[in-house]
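Below, subunit A partners subunit B and then partners subunit C, in two separate complexes.
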Partner chain A sequence: MVMSLLNTRDTTNSKTRSVRLLRNNASIILIYTIILIVIGIAFFVNENFRSPSNLINILRQSIILGLIAIGQSMIALTGGLDMSVAQVARIVGLTVASIFAISGSNPTLIMPLIILGLLIGGTIGLLNGILVTRTHANPFIITLGIASILRGVNLAISSTPIRGIPKPYLHIYDYKIGIVPLNVLVMILVWILVYIFTTRTRNGRALFAVGGSERVARLSGINYNKTLIMAYIICSIFAAMTGLFLLSRTGVGDPSAAEGMDFQSIVAVALGGISLYGGKGSIIGTMGGVLLLATLSNVFNLLQVNIYYQQLFLGLIVLITVAAYKSPRSS
Partner chain B sequence: MKPTTDITVTKSTRISNFSPSVRFIRTVDLIGQWAAPILIVFVLLFAAIVAPAFYLPTNLKTILIQVAVLGIVAIGQTLVLLVRSLDLSVSAVLALGAVIVVQTQAGGPIWISIIEAFFIAAIIGAANGLLITKRQVPPFVATFGMLVFIQGARLAYTKGQASGTVPELLRAISFKQVGPFPAAMLVWVVVNIIVLFLLQKTHYGRWIYAVGGNPAASRYAGIPVDTVIIIVHVICSMFAMLGGLLLSGYIGYVDLRLGADYNTNSIASAIIGGTTFTGGRGNLYGTAAGAILLIILLNIVVVLGLPVHWQYVVQGCVLVLAVALQGFRQFLLSK
Partner chain C sequence: MSTSSVSPNSTGIYLLSVSNIEKYFGGIHALSKVSFDLKAGEIHALVGENGAGKSTLIKIITGAYTPDSGEIHINGNIYRNLDPIQARNLGIAAVYQEFNLLPELSVAENITLGAQPIGKYKLIDQKSRSLITYQLLERLGAESLIDPDELVKNLTVGEQQLVEIAKALAINARILIMDEPSAILPSRDLDRLFSVIRHLREEGCGIIYISHRINEIFELADRVTVLKDGQTMATKNVADTNQVELVNLMVGRPLMDMYPKKESLVGEVILEVNNLCIEGTVFDINFNLKSGEIVGLAGLGGSGRTTICRSLVGLANIHSGEIIYQGEPAPRSPSAAAKLGIVLIPEDRKTYGLVLNQTMRFNLSLPNLNQFTKLGILSSLKEKEAVQMIIKKLQIKPPTPNISTENLSGGNQQKVVVGKWLMANPKLVIFDEPTRGIDVGAKAEIYVHINELTKQGVGVILASSELPELIGMCDRILVLYEGRLVGEVHRENFSEEKIMQLATAVNN
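Now for the complex of A and B:
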């Protein structure tokens, strides 16, 4: 009864409704408008950009950042940030590569090693989650410390590229179903699943509650610790998946893999309008942030902009983005 | 109206199911305050048994210089932590200082380029502070963005190949022997005394503690909270610059990775020394002890002949343990 009343009021007053819709999703609309503008400009300026293969390439490259960023968004929703994602991706890639190398690139090991990689990611996520919930410490600094430890362990595993990845594993990155590359498909699937998870399930909604207020979340019967630990595990598993895809793309266990990804994922999250104080935002926005970064990087490469200027530009974007949004919550 | 979910109070949903005794809280508080000095004693004993080469005079001199550089950067980090903020751009400022001085020494007197370097550091600190106070950007995001921006600017300016000879003056302030100590050590002690005076004898110093302890109450009490935070960030960046000048003087050349670990290390020194990241608690003695502890540990890795990357593991472990300890201590004290 109440619902139908509300509905009729909304439809009769459709103008305020559309205004509200616009206001609630302002950051998402903004980011996709910017993407369209960037793509529009690139379309006219550079003919290489227009080719279908390049456009598919942008999508394919965005999976690396996309997976990490989606995990990062979940942590950001809880009001934290995970600084260890890049190192998790790296340790998974290096471990899998070194086991391949020791076993003489045995192709039957592919499936067990993929599972092992995901398990490593999950374990590190569990460790992060336990440390964050048990010590009541700032998640950012805790994961920064874990990242430092992992960096050392990674260099201990190998400081030179590891060769000896079996051929079938290398095909994972190039594999196509029809004309759609497998990894694009994986990414779309992951995005849909995570979207449903964060908007339609109890555990997913709990992420927002936890990010909003620890006290209120606990009082509403949400298991605060469990929700946080779950978020960190999921985030690290996505980072592990990134590591596995990167290994397949580069073909060697690279000790400098995923360099700078921790920061780029935060940029994507911030660009997409998820409040870095937690509790507000949408996965769709993060996807926009990832696509924008991937498109920009593609355009820069086509225009042959010096990598150092690219980094300067990235820092500039981030400063402008964070300066542009003002958090409603003050100290 | 029917409630959608049943709320059951279980162990996990209760706000607090943990009521520690006063004695336990006091013990953890004492451990939190004295962790660094106690650990230093143990580590020194450990070094005496396992790695006697640690006590060679040349090694000790190296340690003193490194402690001085890290100590100065960590003082700035402590001040920033005291007002509930964080500065991740110190490593970039540190590296920038060396580059500026080396690049500008080609023409003109050294004094001008040093003043220029501190001026740039002050601008960076002010930008950090403004982002954090006026735009309410979370401190680690604002300063991390600044880190990437400065690194990009530095690499764009140097085209990725910065090296050069460090001016004689910088060599002198960091490496020259004054009595039994290297000059950098004296710089560190002087800076410590100045900041101690600032924190304990001036009302600005008391404001820093007040702002960190309770920003809202400080605002009602008429303290210019935003200005205090901005000035603290300016001071922190300028100390990072001073650290960068001393470090390049000590190393004698400028390389691209210069100072990259100083973010983690300066935060770790401050926190193991008893500064909490929730503000208002901490002092410079602890930070000094933290810096000494960290440098000794990192040095022992080298003296023992372990691969250098174990240093990352050591500094990560120190950071995680320190943060966990202080987080737990803060949690207990707030009860």
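Now for the complex of A and C:
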């Protein structure tokens, strides 16, 4: 009897496997389907959209959000949110710009200042991580507090654009290898690395475990504090990279740089199907979320949709996705 | 609606009578032909081991569960689909160990929460609220002890319990269920609780009194019903029975031949616990464990079993004393413990054992990722092989590594928790209630794996509330009572009666 039961299971195995594959990746399939639909519609509606340069442009536009969102994904996997990412990007940009300005646009400082920027990011991430693990308070509140402090510091550094960025630094953003911009390549590389990190390393698995259940993770020998602190450091370093890219793109130290990026990164993460309750989701989903937002923003701009409506639309997307991936407790 | 209490001359009338109650949870037969009744003006004790079905019966009486068959009579009327609101309106109230009080509100606010007295302009009448509260406390003889306007969080546990009882009286409860009320009280508050309960009996209430402390039953109760394995063993007048008989009724069962105890080679001492004290829960515990040995931890709920288990993997704040593993102080965190091969298979698999929304494969490999990692990268091939091997070894069903663990049955979930640690090649395994809530077949399989561990020289600590399990599996059993080690019984002297007597502090 038991044997025959097992046998029938074996024969249905391949079928159930493909069903499960579909079901487990439903959110990813959904997001990429939506992207294709949006692209499809835009393709017919607007001929400017079709040009290869515009498509490359979408990729380029998604770099800034992409870097921040990938960091945010890691925090979301642990069950938290990092509300300080935009301010981290800004403080890095402003600090680097200020030092360039003081040094009289000295190009030999480019490498040291890039490293300094990443260090600033890492340090703030470390601070976030320590505060979250020590206080056990909601990470949202902790990082919001840090963001508020950083906002103050940023205003103190400068409330007007800082000029004096050396020319070679400005080329970083525009540099191309053939037709493909360097920064698009960097982003693709980062995505691949983070994908491998989250799926194929111990620390990556630990992110999911910590977000899924702190107690189980601890009892399974996962170092909870280390895992969380690591996630916050990585997230802030990506935010710092964003700040450095933004500085290269705009060419001035911008006191309003990365405005709204904290919220948008959360939208991208949620769209991509990473549970905001932690422990579930994939980086590939976040990439879909970023691409969708970048495409939509591109389409909106081509169709000259008012910025206010864009904002409204963004809010609606968040509410709809959060409702769709509702808390497991309520089901 | 009358607010006066039931007159004392109603003694003898059946307030409640349930008969032939059947209740299944999935494949588990939780209650089988259970009958129980309660008269006005009596204290009826309900006793039984953990898992005997007491809570299930209580939940049926309070309307939280609907029985699969059987009859519920309340005040002479039959109720088929009793729900909690209906039960409450019929005057059934329960005081659980965990209070349902809002700590930031006052005593009066808590007591009248369901039925605030409304005065002028539809506002709450604060004066009559305080008055109602005062009268209720007066009935309990606690009016001088508890100020109606005091915040609940400022009261002692004993006082909070009185507030809970007053809350029950506020809905005119005639059937009061008290779930181990003495377990949470310091002994100096016991007398007051007992006199309150006796006073309610005088008023004509029927009280269902659940307790693990056999001696209390003889002090307080009129009748006692013993439940065992979901069946009513007996209902007796307390005057006609004695402590030893009750204990025998609670535990006496044919020992099933499902404990394949094998003689393993008991070796050197690997673990020593010396004078271990953990703030407020565990006091002055001394024991050791040898390789290849199974030492049992017996004791009632709250006796400190779980705390001791957790302390061995660094999860308790040790107040004084020491834990020595292989001659060195034991590690102070689960991750450090796991590195040395000390693992805890925790009591509540859904809270502590599994990341439920993750796959079987994720859960199985979680503590073992090191084994599959080369140059920092996980080899999914190695992982898959190891996971499939353990699935086959433990016969986890369905044998699908990518199934989410929340979709597994309890027994298979437990196998995953056991399996993830078997994969880690442990040296010392602490099992805390390894078979709670799982079916007989899965139980037997888990016992086989425990024996296999000891055969390989692994030391095992087995904490369990099921005496047959301990007796069937262990070399020695340590008995705990209220955080203290009250006895150590060796295999040749094992008997359920003896262990139960130690665990319930019965002297004879």
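Heads up, the rule we're going with is that the second predicted complex is superposed on the first by the 315 of 331 C-alpha atoms of A that agree within 3 Å, B and C clash if a C-alpha of one lies under 4 Å from a C-alpha of the other, contacts with A are read in each partner's own complex, and residues count from 1 in each chain.
The definition used in the following text is that a residue touches a chain if its C-beta (ideal position, glycine included) is under 8 Å from a C-beta of that chain, and two chains touch if they have at least 3 such contacts.
Everything numeric here is computed off the predicted structure, so don't read it as measured data.
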item	value
Contacts of A:G212 with subunit B and subunit C, given as first, second, both or neither	second
Touching partner for A:I222 - first (subunit B), second (subunit C), both, neither	both
Which superposed partner A:K280 touches (first subunit B, second subunit C, both, neither)	second
Which of subunit B and subunit C A:G253 touches, first, second, both or neither	neither
Which superposed partner A:R200 touches (first subunit B, second subunit C, both, neither)	second
In the superposition, subunit B vs subunit C on subunit A residues touched	B
Subunit B versus subunit C as contact partner of A:G129, first or second or both or neither	neither
Set of subunit A residues, in rising order, touched by both subunit B and subunit C	215, 218-223
Interfacial residue positions of subunit A with respect to subunit C in the complex	9, 13, 16-17, 20, 24, 196, 199-202, 205, 208-209, 212-213, 215-223, 279-280, 328
Subunit B-facing residues of subunit A, complex	81, 131, 134-138, 140-142, 144-153, 155-156, 159, 215, 218-226, 263, 266, 270, 276-277, 306, 308-316, 318-319, 322-323, 325-327, 329-331
Residue ranges of subunit B touching subunit A (in the complex, touch as defined)	5, 7-8, 12-15, 84, 86, 131, 135-138, 140-142, 144-153, 155-156, 159-160, 215-216, 263-264, 267-268, 271, 277, 307, 309-320, 323-328, 330-331
In the complex, subunit C residues that touch subunit A	313, 315, 333-335, 337-339, 344, 346, 351-358, 362, 365-367, 369-370, 373, 376-378, 380, 398, 400, 402-403, 420
